Each structure stands twice: as structure tokens, then as C-alpha cells.
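Next up, some structures in C-alpha cells.
Shared between the two complexes below is subunit A, which has subunit B as its partner in the first and subunit C in the second.
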Partner chain A sequence: MEAVRRLLKDQYQELVSLNFRGLLLQGTNLGLVVTSALIIWRALILITGSESPVVVVLSGSMEPGFFRGDILFLYQSNAPVRTGEIVVFKLDHRKREPGHDDIPIVHRAVTVHEREPGGMINILTKGDANRENDLVGGIYDGIQWLNKQHVMGRVVGYLPYVGQVTLIMNDYPKVKYALIGLLGLFIFTSKE
Partner chain B sequence: MAKGKRGPSSSPSPSTIKSHQVVRTIDKESTDTPKLNLADGAALKRALDEAATSAVLEAGYQEDQSVSNLKIGFSLITCAFAALAQFYPQKYPNNWIILVICVLGYLAGTAVLNFYVAGREGDAFMFTKRRKGLGHELRISSRMPRYSEWYTMVISSSNDPNRDDVSMRSSVTKYFDSAGGLASDVLQGDVSKLLNDWEHQRKRL
Partner chain C sequence: MGVVERHTTRGCPNLEPVEASGSAFPAGLNSLLTYGSTVLLTVCILTSATDFLVHRSDPKVSVKPAKIEAVSRGPEGDWAWMSVDLNADLRSVFSWNTKQLFVSVMVSFATPKNHVNEAVIWTEIITDKSKAHIKHSSLAPQWAYTLSAQDHALRVTPFNITVSWDVMPIVGALYMQHRSFSGFQFPAEYFKPPRPGRLKQQKPPGKIPGAVM
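Now for the complex of A and B:
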């Protein structure tokens, strides 16, 4: 504990010893680190074709395959969704009504109707651990089928447990601010 | 091990050091007192570089900040690409063209920045402007291999490849006492001597 306090004190001393030019140099350093993370995210969006290429599982509806806190990697392609595939979808129309979220949901496609070959597809999904499909379960909230515009991507990979950090940061925002603050302080005062 | 002498004759007069020209505000007290970890080679080298910078300034040279300014400029341009991508009002997939431009721009900016730092700056930690009567811009660099005690400082011409370098090499044990304090006046003496070597070499040629 003493070592931690000493470390923080050293970094703080570093910080206050900088004059304007030093602040500018360290500030651009910090800026480059932060922006590199942003750019990596944008590049992932371009590569995977999905508006949110990495998502965290928020509910237990896909157990025992995916648990709360797992990280999923998505890939969007023009190939039509088929039954058995696990998709992540977002219900845009829910956002327009107050009090409803449009958080992404990860479930499995259980029924697919294709009107004509290559044409519009209607998809029905169901969480593996749920008793009913999403239409009967009330998740669709007004529509009867999912279509291509609702689907954010197919799950192509996953990392277990790693998303717990995100969940903690969501549930306790102070942890998020503290972590970001500490990270910023260390990057800002690092001398490389 | 060094035993530094401190006295009014060795402290800088306020007019020779302009604090806005260096990164840290220079205070004779604070540069002498922080005790460094003698096993941390990187910290020792940094401390020596900073003390050498103030020694060169004290010898009457002015710092040339154009290299540093260019670095800052490139960094800001690169960050601007990222900011554009982040704050563009359209969502994906409508904005994919902007995203491609910004990602490529960012990659190009980062590449330019790295090449510039590697090529122009290298292991230099300070550039100076011409001094009256001497006509060269200096490039002061230093090297200290990992786990080595030998600190090598090189003064070379910033823009004239025909000039030879002058260098000096000493063990860090010459500048640090066993508690980790830096004897900056010993280093200052060596830096002055090296600057003299450089100036006399010029006159000879």
C-alpha cells in the first residue's frame, strides 16, 4: 500500500514539474494513445462490417454456451442468415419509445422464412436458455420478424469472462472514472 | 563516486536559463535532491540528459525547438483524423467513406511521425541554434546500453555531414553518489569540456 502511495506521489510530482511545453508534449503523447484506441475500433468496424464489432453478453439467456460477461466478436456479411446461427440484433424501433432500450441482444435463429430465393428474409430468434422464442417472449415488442436491418452481425468468436470488467464498470461508474483517471495520469506523466 | 560541491558560484543566474525553453522548470534544489534508483538505467540516462541540457543552455546556447514543434504538429494532425472519425455526425454504415479516410489518414500520420522521429531525432535529446561567432546548429545525443554503466554523449552538427562528431564516454558512477543523487556540477564540467572540444575542432578546420 505504501509503495502504491509512493508511486502515485512520484507521478504527481512529475505532473506539477512540467511547464507549458512539457504539458504540450505529454498531452500529445496521451492524445496519440487515446486516438489509437479509437482508430482501432473504427478500423474494426470497417473490417467486420458491423456497427459494433465487439459486444459483451449482458444476460444469461444463452447459457450454457455464453455466460454474462463473455465477449463476442461479430462479423457482418451479405450471406443470408440461416437457422442455427447465433446473431446479435438490435431493435431500432424500441429506441423511439421512451423508457425502452435498444441494447443489442444475442440469440439463435430458430426459424427463417425466405420469400423468394435471394430476397427478403424473416428471422425468428430464441435464447438457448429461454423457454419461448423471442416473439412469444415479448422481446420483439411490436414487430413479428427480424429482418436484415435489425441484424448487427453473426458471432464468429468469443472470449470467456473478459467482459466482467465492462460489467463492473457499467454497474459502478466510479470504478470506470477512477480507472480512466489513473490510466490518464500514468500515460501523461510517463517519460519514454 | 562523486562528491558534488555546492556553492553560490555553481548556481545558475536567472538570466541564462529561460525556463520556457525546456520541458521542466529548472530548480537547482529539485534536480539535486530526488534520489534515483541506481538499478534503473533508463531513469539515470534521463537524469543525465536533462542535466546535460541545462548545462548546454548555461554555456550560452539556445535550444532549437523546431524538431520538437514538428513532432507536436504531426501528432496533432494525426489526432485530428481520429477526432473527425469519432465525432462525425453520421452513423455506420452511412459514414464508411469518412471512416476509411480517417483510418488511412491516421495510419499515414503515425507512419510519418515515426519515420521523422527515427530519422531526424534518433537518439538526440537536444538541438541548439547557432551561437554567435560559431555558425553551427548542434545535435546532442546520448547512448547508454541496457544494463551498462557507460554513458556516451555525442555532439554533432545538426545539418552539416562533413563535420566530425565529438564524444565523451564515462561511467555513470562518476555522476551519481551511492544514494542515487546526481552531482550535476560534475556533469556540467564534462559537458563544458565537450563543448570546448567541439568549438576548437571547428576553428581548426
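Now for the complex of A and C:
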């Protein structure tokens, strides 16, 4: 605790010791870090074609393949979905009604009907650890099949545990603000 | 106050050794974390690369329909019920980076309405290399899956059976492989077993309702 207090005190002294030019420079530094993170994220979206290229698993319906807190990398291919592929889908048809959120879901395609090549497609999904498919399990919330527009991408890569940080930050917002504040302070006061 | 602070920290750093080492600490921690995560990420990428560059597998698979137990007309389209003979030796697919194989048996066919119909009828998760030789005769379809068309055109329709396995890694890229077998055909007439509702099926052990991320 004493070490932390001294650390913060040092950071604070570093901060108040800055003159206007120094302040401006460090402000620019902070902006640079934030914008490069944004650029990397946007570039990933561009390359993968998926609106959220990296997602964190929130539930155990794909265990033991994916656990809560694991990270998945998505790719949005032009090829139509086929059975066996793990897709991430989002149901947005009832998002304006209260009690219906549009959290993305990662499950495996188990039935596919496609009218003509590249045409209208009907997809049924199921979680590997679930007893029922998603229509019977009530996940589709009123629709019978998934279509192309529901699919946000297919899982191509897997990184265990790393998403735990995100989950902790989601569950305890105070940790999130403390961490963001601390990181910002360090960037602000670091001497390059 | 600020002015005084500036003079003590900036003006004579050599006289304030405690202050100097104090401000170096977060920078050191930062570079340690950056270095550590870079090394970890590189190891993960290299590990995943061995799956594609080093690992060689020789899976042996055969599957054929054992018995078509029903072909019937449903309200939204024809449906069928089929058991299969499956022999899949997937032991060589396991590498040191394989967490599990998700094996599925899928029936595919074309009808006037849809040029592609794919229906998974049986799946299994295999987490252990020693259990990766799957051998079942007259394997019944599982409860969660249905084999159906969206039109009434299943009779006399040729179909393929595909065994596919999704290789799910401990870390890195996923990949899927499959073997397809063709030359099968649904019977020419609708029929159900003499006692309807007695179709042989498997109930997988249930778990966990919802499913999000």
C-alpha cells in the first residue's frame, strides 16, 4: 500500500512539475496512444470484414471449446455459411423493445438451407454444450431461421483467458475507471 | 507550491535519489509488461503455426447409411430419420496444440427449392486422443438434430454423407477438415416405422441454457 501511495505521489509530482509546453506535449502523447489504438481497431475491422473482429466469450454454451473469458477472433467471409462452422450472430429484430438486448451469440451452424448459390440462406445454430438447438432453446426470440444479415463473422482464432480482464472491468466498473485513469496518468507523465 | 515541487524534482535530481527511482518504477513495469506480452503472443503464434507447418495427419474415415428408418411428409417439408455406420480414426489429427475435435455427421442433398440443404444428425466432442477412433454401427441420430427439407421432394433424392471435424486448438487458429461420401438415395415412397414415436434416438446429456458473449 505504501509503495502504491509513493507511486501515485511521484506521478502527481511529475504532473504538477510540467509547464505549459510539457503539458501540451504529454497531452499529444496521450492522444497519440488513444488514436493509434483506434486506428488498429478500425484496420482490423477493415481487414476481417467483421464489425467486431475480437470478442470475449461470456457464457459456457460452447464448453469445453470456449470458456467464459476466452477471446475469439472473427472473420467475415463472403462464402456462405456451412454446417460445422462456428458463427457469431446478433439478433436485432427486437432491439427497440424493452427486455430484448442484442448481445452477440457464438454458436455452431447445424442446419443450412440455401436457395441458390449466394442467395437467400436459412441457418440453424446450436451451442456445443447445449441440449437443444437455438430455435427450441428460445434464443431466436421470435424468428425461425438466421439469415445472412444476422451473421457477424466466423470464429477463426482462439486465445484463452485474456478476456478475463474485460469481464472483471465489466463486472466492477470502478476497476475499469481506476485502470483507465492510472494508464492515462502513466502515459501522461512518462518521459519519452 | 507547484513551483517549489518543480525545483526539487527537476532542479537537483542528483540530490533526490528516492524521487528518481520512484518515477522509474512505472516505466520499468510498463516495459516489463509489454515485453512479457510480446513474448507470450509470439509463442502463441509459433505454437499455432506448428499445427499447419509441422503437424501431419492421416485420418481414415468411412460412413454409410445403416438404415433409413422413416421418410415422411411434414407440414413445412419432408423429413427423414436415418442411422449410419461410422468408422472414423481421427487419432492422428491430434497435435500437441489440439484441445478437442468436434466431430459431426452431416447429410446433404439438393431439392427443387434449395440447391443446398445440409443437416447435421450426430455430433461428438472428443477431448482425448485415445478416444479419437470412433466406431459405431447403426448410430442413431441425436435428439437435438433434424433431417428435413423445406419442400416435399425428399423421395428418390440422392444424398451425400459428410463426416467433418473441427479442430479446436489450445491456442491459435481453428481449422476444419471433412470427408464426403456420395451415391446414396432416399427411398421412393413415404414410410414410417410400424409404431410411430418409437424412433431410435439418443439424448445427449443436457447442460447450460443460455449462450452469449
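Convention: the second predicted complex is superposed on the first by the 191 of 192 C-alpha atoms of A that agree within 3 Å, B and C clash if a C-alpha of one lies under 4 Å from a C-alpha of the other, contacts with A are read in each partner's own complex, and residues count from 1 in each chain.
Everything below uses one rule, namely that a residue touches a chain if its C-beta (ideal position, glycine included) is under 8 Å from a C-beta of that chain, and two chains touch if they have at least 3 such contacts.
On a predicted model such as this, the values are computed, not experimentally measured, just so you know.
Q: Is A:L46 contacted by the first partner subunit B, the second partner subunit C, both or neither?
A: Touch partner of A:L46: subunit B, not subunit C.
Q: After the superposition on A, what does A:S17 contact: first (subunit B), second (subunit C), both or neither?
A: So A:S17 meets both subunit B and subunit C here.
Q: According to the stated criteria, A:G31 is in contact with first (subunit B), second (subunit C), both, or neither; which is it?
A: First partner only, subunit B.
Q: Could you look at A:N147 and tell me whether it touches subunit B, subunit C, both or neither (first, second, both, neither)?
A: Neither: A:N147 stays clear of subunit B and subunit C.
Q: On subunit A, which partner's contacts cover more residues, subunit B's or subunit C's?
A: C
Q: Going by the contact rule set out at the top, does A:S77 touch subunit B (first), subunit C (second), both, or neither?
A: neither
Q: Output the subunit A positions appearing in both contact lists, the one against subunit B and the one against subunit C.
A: In the superposed arrangement, which is not itself an observed complex, subunit A uses residues 17, 19, 191 for both subunit B and subunit C.
Q: Quick check on the complex: what are the subunit A residues that touch subunit C?
A: Touch list, subunit A to subunit C: 6-7, 9-11, 13-14, 16-17, 19, 55-65, 72, 80, 82-86, 88, 103-108, 110-117, 122, 126-134, 136-137, 139, 155-160, 186, 189-191.
Q: Under the definition above, what is the set of subunit C residues touching subunit A in their complex?
A: Its residues touching subunit A are 1-2, 5-6, 9-10, 19, 22-23, 25-27, 30, 44, 48, 99-100, 102, 104, 106, 113-120, 123, 125, 127, 143-146, 149-150, 164, 166, 168-174, 176, 178, 203-213.
Q: Using the touch rule from the top, collect the residues of subunit A that touch subunit B in their complex.
A: Answer in residue numbers: 17-22, 24-25, 28-29, 31-32, 35-36, 38-39, 42-43, 45-46, 49, 51, 191.
Q: Mind pulling up the subunit B residues that touch subunit A in the complex?
A: 19-25, 30, 46, 65, 68, 71-72, 75-76, 78-79, 81-83, 85-86, 91-93, 96, 99-100, 102-103, 106-107, 110
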